[in-house]
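I've put the structures underneath this note.
In what follows, chain A forms one complex with chain B and a second complex with chain C.
Take a look at the complex of A and B:
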C-alpha cells in the first residue's frame, strides 16, 4: 500500500527555501537541455528541409561538392536541357535554375557588416526551389535583391536594417531590397537573392556555381549522372540535393555530438542538484520514515513516496522550463557558417527536456531514500 | 495460549570493543487484555524487549510468538504487514507526521488495511473520539499541544484494532498534569476496549497503572518469574 500523495506534495512545502532553490536549479538544467536539444533539432531540421529529392545539382567536379568553390560554364544549362529530357517542362519553361552562389561581405545602410550568402538566380529559381515563397514585396528587378527570413540573423543585423526599401552593399554595389522570402525552414532563408546577370556583372564573372534541375516524376538522376561521367570534358558532377544536404549533416556531426555531450554534462549537474535537495529532505526525516515503517509501511512504499516528491519537483521544473523555452527561445535565430537556423522547441525537444527533468527527479531521490531506508528501524527511531 | 510468548530471547550489541547484552535468555508470557509495565534502569533492555515484541528488531536467539505468529521467522516485508495488522506503537516523542493533519495521521495505519473509505472514516472518528480530540481532527501537529499530540499518537496506535499496543515512555516528554491525563487514557483504553498493552517507563507512578509490573535488570527479569507481578 502506498502513502497518500498529500504526504509527498506537502513535504515539498516543508522546506520552502530549499525546495525553491532546487526548483530553480532543476528548471535551469532543463532549460539548458531544451535549448541545446532545440539547437540540434533546428540544425538538423534546417538541413533536412533544404533538400528536395526531385532536385539534382550539377556542379564542377573539381569543387568536391563545395558549391561555393564550384565554377561551371555559363552554357551548361542549355547543354543539359538539350541533351537530357528528364527535366520538368511546363508552359514551355524548363525547370532548370542556373545559379551563382558565393559568400561575400554585406554592409547595411547603417554601416554594419557581415559575411552574407548571395545567390544570383533567374526567374526559374522558384520553379526549382519549390519551398521558396515571396512573403512581402516583389521579385528583384535590376539592382534589387530579396532577402530570406533569417538573413538578419545570419548577418547579425537588426531586422529593420533589411526592411523593404532599405539598401545593402556587396561586391562594390548598392542593392535595393525589393522583397522578403521564406522557404519552410530551408537553408535558403539565410540567403540574399538577386538577378543572376546583375550578380555576374558585379562579381565580373561569366560562369555559374551550379545548375539546379527539377526532375520529372518518372525520371531518375542516374541519367544525369551518366551524362556527367560520359562528358568528362565538361568536368561536371551531379548529385541529388537531398544527398548534398545529407553530406552537410555529416559535416556537422561533431557539432551534434558535442551538443549531446553538453546535454549529458548539464543533466549530470542537475542530478547533483536533485541529490542535494533529496539528501537534505531525507536526512531530516529519518525518524519520521522509521515511524512509517513501524506503522507497517513497506520500504518500497516509502521509497516510492520519496521518488514521488523528487518527480513532482522535477515535473514542476520541467513545466516551468518548457514554458520559458517556448515563450523566449522557440524560433530564435542562430548563426552558423553556412547560414542561420532557428531553435526548434518542438514536441520532440519538449519530450526530451521533460524526460531528462523527470529522470533527474528519480535519480536524485533514489540514493538518499535508499540510504535512509537501509537504517534499521530501531536505530532510525532514535535519530534526531 | 498467551497472546505474547517470549522463550529464551537474547540480544546483544557491539559498541566499539565492548559487547552489551541487554537481554539474556528472557522468557515472558502476556495474556490478551493484560496491561504490563516494564521498568528498569537505563540500558537494561526495556526498549530492546519492546522493539523485539514489535517486530522492529530481531533477537540473536530465542523465539517470539505474538497472536499465534512467530515473528522471528518473518522476513522484512512480512514483518511490515504483520505490524500493520497486529501492532500499535506509541512513541515517547509522538512521532506524528508534521505535514499531515491529526485526522490524516490517525488514518495512516488504516490505509494498510482492507477497509472501505466509509469504514476508514468511522474508525478514525472513533479513535479520535476515544482520545477526546474529535474537534482537533483538522489541526496539524504544530497546532496541537504536547499532550494533544500524544493523544493523537495513541489514537493512531489503536485505530487499526491491533492485537497489542506497545508504548515506549509515552509520558516521558510530557509535564506532570498532561502525563496524568495520558495515563488515565491508557488505563481506560485497556479496561474499556480490552486492548493488550506493554508499557515501558522509568516512572514508577506511570508503571503503577498497569495490571502487572515487570522489572528488568542486566538482561533478565527480576523475580518473581514471568506470569507474576514483581510489584
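Take a look at the complex of A and C:
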C-alpha cells in the first residue's frame, strides 16, 4: 500500500524554512544549467542560421577559409558573372555581392573603443544576404553606416551610443549611423555595414575579401568550384556559405565541449547539494519513518513517498528557474571573438534544465531515504 | 515491462535493417565503380606528365596525361566528377612527416602552380558528370592516374582535360 501523495505535500509545508532553502539550492543549480545550455544553443544557432544553402562564397584560396585574411582582385565579380550562368538574375540585376570584410577598432562619440567587424557592401548585398532587413533608418549613403542589432554587445557599448544620427569612428574616418538592421539571428547582426567604395577608400585598398553569389534553383555550387579549380591563375576557392559556418562551428567545438563540461559539473554539484539537504531532511524524520513502518507501510512505499517529495520540490525549482531564465536571460547578448549572439532559452534548453532538475530530485532523495529505512525499527523508534 | 521489451525489439529491428541497407548501398557503389565505362583495364601508352602537357598541348587536342590526384586540401569537386592532378615530379610530404593532408603539396605551392591540371569527366554531349569522382571511379587523394581526353586551354595557360577514360595505377604510384 502506498502513502497518499498529500502526505508528501504536507511534509514539505511542515518545515517551511528547510523546504525554502532546498528549493533555493535546487533552483540555483537548474538556473545555472539553463544559462549554460542557453549559451551553447545560442552559439550553435547563431552559426547555423548564418548560412544560406543557395549562397556560395568565393574567396582567396590562400586564406585557408579565413575570410578576414582573404584578398581577391576587384575584377573577380565581373569575371565570375561573365563566365558562369548559374546565378540568380532578376530585373537585369545579377545577385552577386562583392564585399570587403575586416575587423577593426571602432570608437563611439563618447570615446568607447572596441574591436568591431565592418563589411563594405554594394546595394546587391541584401539580394544575396536574404535574411538582412533594415528595421530603422535608411540604406547608407556616402560616409554613412548601418549597424546590426548586436553591434552594441559586440563592441561593449550601451545601445544609445549606436542610435541613428550618432557617429562612430574607424579606419581614421567618422561615419554617421543611418540605419539599423536585423538578420534573423545570423552572424551579420554583429556587423557594421558601409558602402564598399567608401570602405575601400578608407582602408586604401582596391581588392575585395570575397564575392557572395546567390545560385539559381537549378544550378549547383560544383560549377563554381570547378571554375575556381580550372582558373589556377586566379587562386580562388569556392564554398557554400553553410559549409563556411559549419567549419566555424568545428572551430568552436572546444568551447562547446567546455560548456557541456560545466553543465556536468554544475549538475554534479547540484546532486551533492541536494543530497546534503535531503540527508538533513530525512535524518530528522527517522522516528517518523519507523512509525510508518510500525503501522504497516512497507519500505518501498515510504521510499516512493520520499522520492515524491524530492521530485515535487525539484519540479517547483525547475519551474521557478525556467520562469526566471525566460524573463531575465533569454535573448541576452553575449560577446565572442567573431561577433555576438544571444542566449537562447528555447524548448531544448528548458527540457535539459528541467530534466536535470527532476533528476536531482530523484537522485538526491534515494540515498538518504535508503539509509534511514535500513535502520531497525526498534532502533529507529528510539532515535533522537 | 512488456511495452519496454517490445520497444527495444522494434528499435533493434530498425537498427539491423539500417545496417543491412547500408551494406547493400556500399556494394552497389563498388559494383558501379568497377563496372564504370570510364575505367581502362590497361595503361595507355604515351602518357605525358602534367607539367609537360601544360607546355605542349593545344586547345582541342587529344591528350593522355599522367598525374597524382592532389594540389589542394580538397582536390575533388563535390557533386561533380572532377579533380585536380599534379605532375608526379613534384614531391609531397612523406608519411613520416606526419602531415594530415600531404595531397595539398603545402611545401611546394609555387611548383604546383606550373604543374597542375583539372580533370573533368564528361558525357557524350560534353557536359560534366554530376557525380563525385570518388563515387564514380576507384580513386582517392594521391592516386596516380593516367587520363585520356581532350585538352582545354585558356589564355592564362591553365589546362583542363575533358576526360573520357582513366587508368588508375595500382598502389597509388
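Here is the rule we use: the second predicted complex is superposed on the first by the 384 of 384 C-alpha atoms of A that agree within 3 Å, B and C clash if a C-alpha of one lies under 4 Å from a C-alpha of the other, contacts with A are read in each partner's own complex, and residues count from 1 in each chain.
Heads up, the rule we're going with is that a residue touches a chain if its C-beta (ideal position, glycine included) is under 8 Å from a C-beta of that chain, and two chains touch if they have at least 3 such contacts.
Note that the coordinates shown come from a computational prediction; the quantities given were computed from them, not determined experimentally.
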Clash or fit, chain B versus chain C on superposed chain A: fit
Chain A: partner with more touched residues, chain B or chain C: B
Chain B versus chain C as contact partner of A:14, first or second or both or neither: first
Touching partner for A:327 - first (chain B), second (chain C), both, neither: neither
Three-chain overlay, vertex chain A: chain B-chain C angle, C-alpha, nearest 10 degrees: 120
First (chain B), second (chain C), both or neither touched by A:226: second
Partner chain in contact with A:291 - chain B first, chain C second, else both or neither: first
First, second, both or neither for A:61, with chain B first and chain C second: second
Distance of closest approach, chain C and chain B, by C-alpha atoms in Å: 20
Residues of chain A at both interfaces, chain B in one complex, chain C in the other: none
Residue numbers on chain A that touch chain B, as the complex places them: 1, 3-4, 6-7, 10-11, 13-14, 287-288, 291-299, 376-378, 381
Interfacial residue positions of chain B with respect to chain A in the complex: 48, 51, 54, 56-57, 76-77, 80-85, 87, 89, 91, 95, 97-100, 104, 108-109, 111-112, 156
In the complex with chain A, residue positions of chain C that touch it: 72, 77-80, 82, 84, 113, 116, 118, 120, 128, 130, 154, 156-158, 160
Chain C-facing residues of chain A, complex: 61, 220-223, 225-226, 229-233, 237
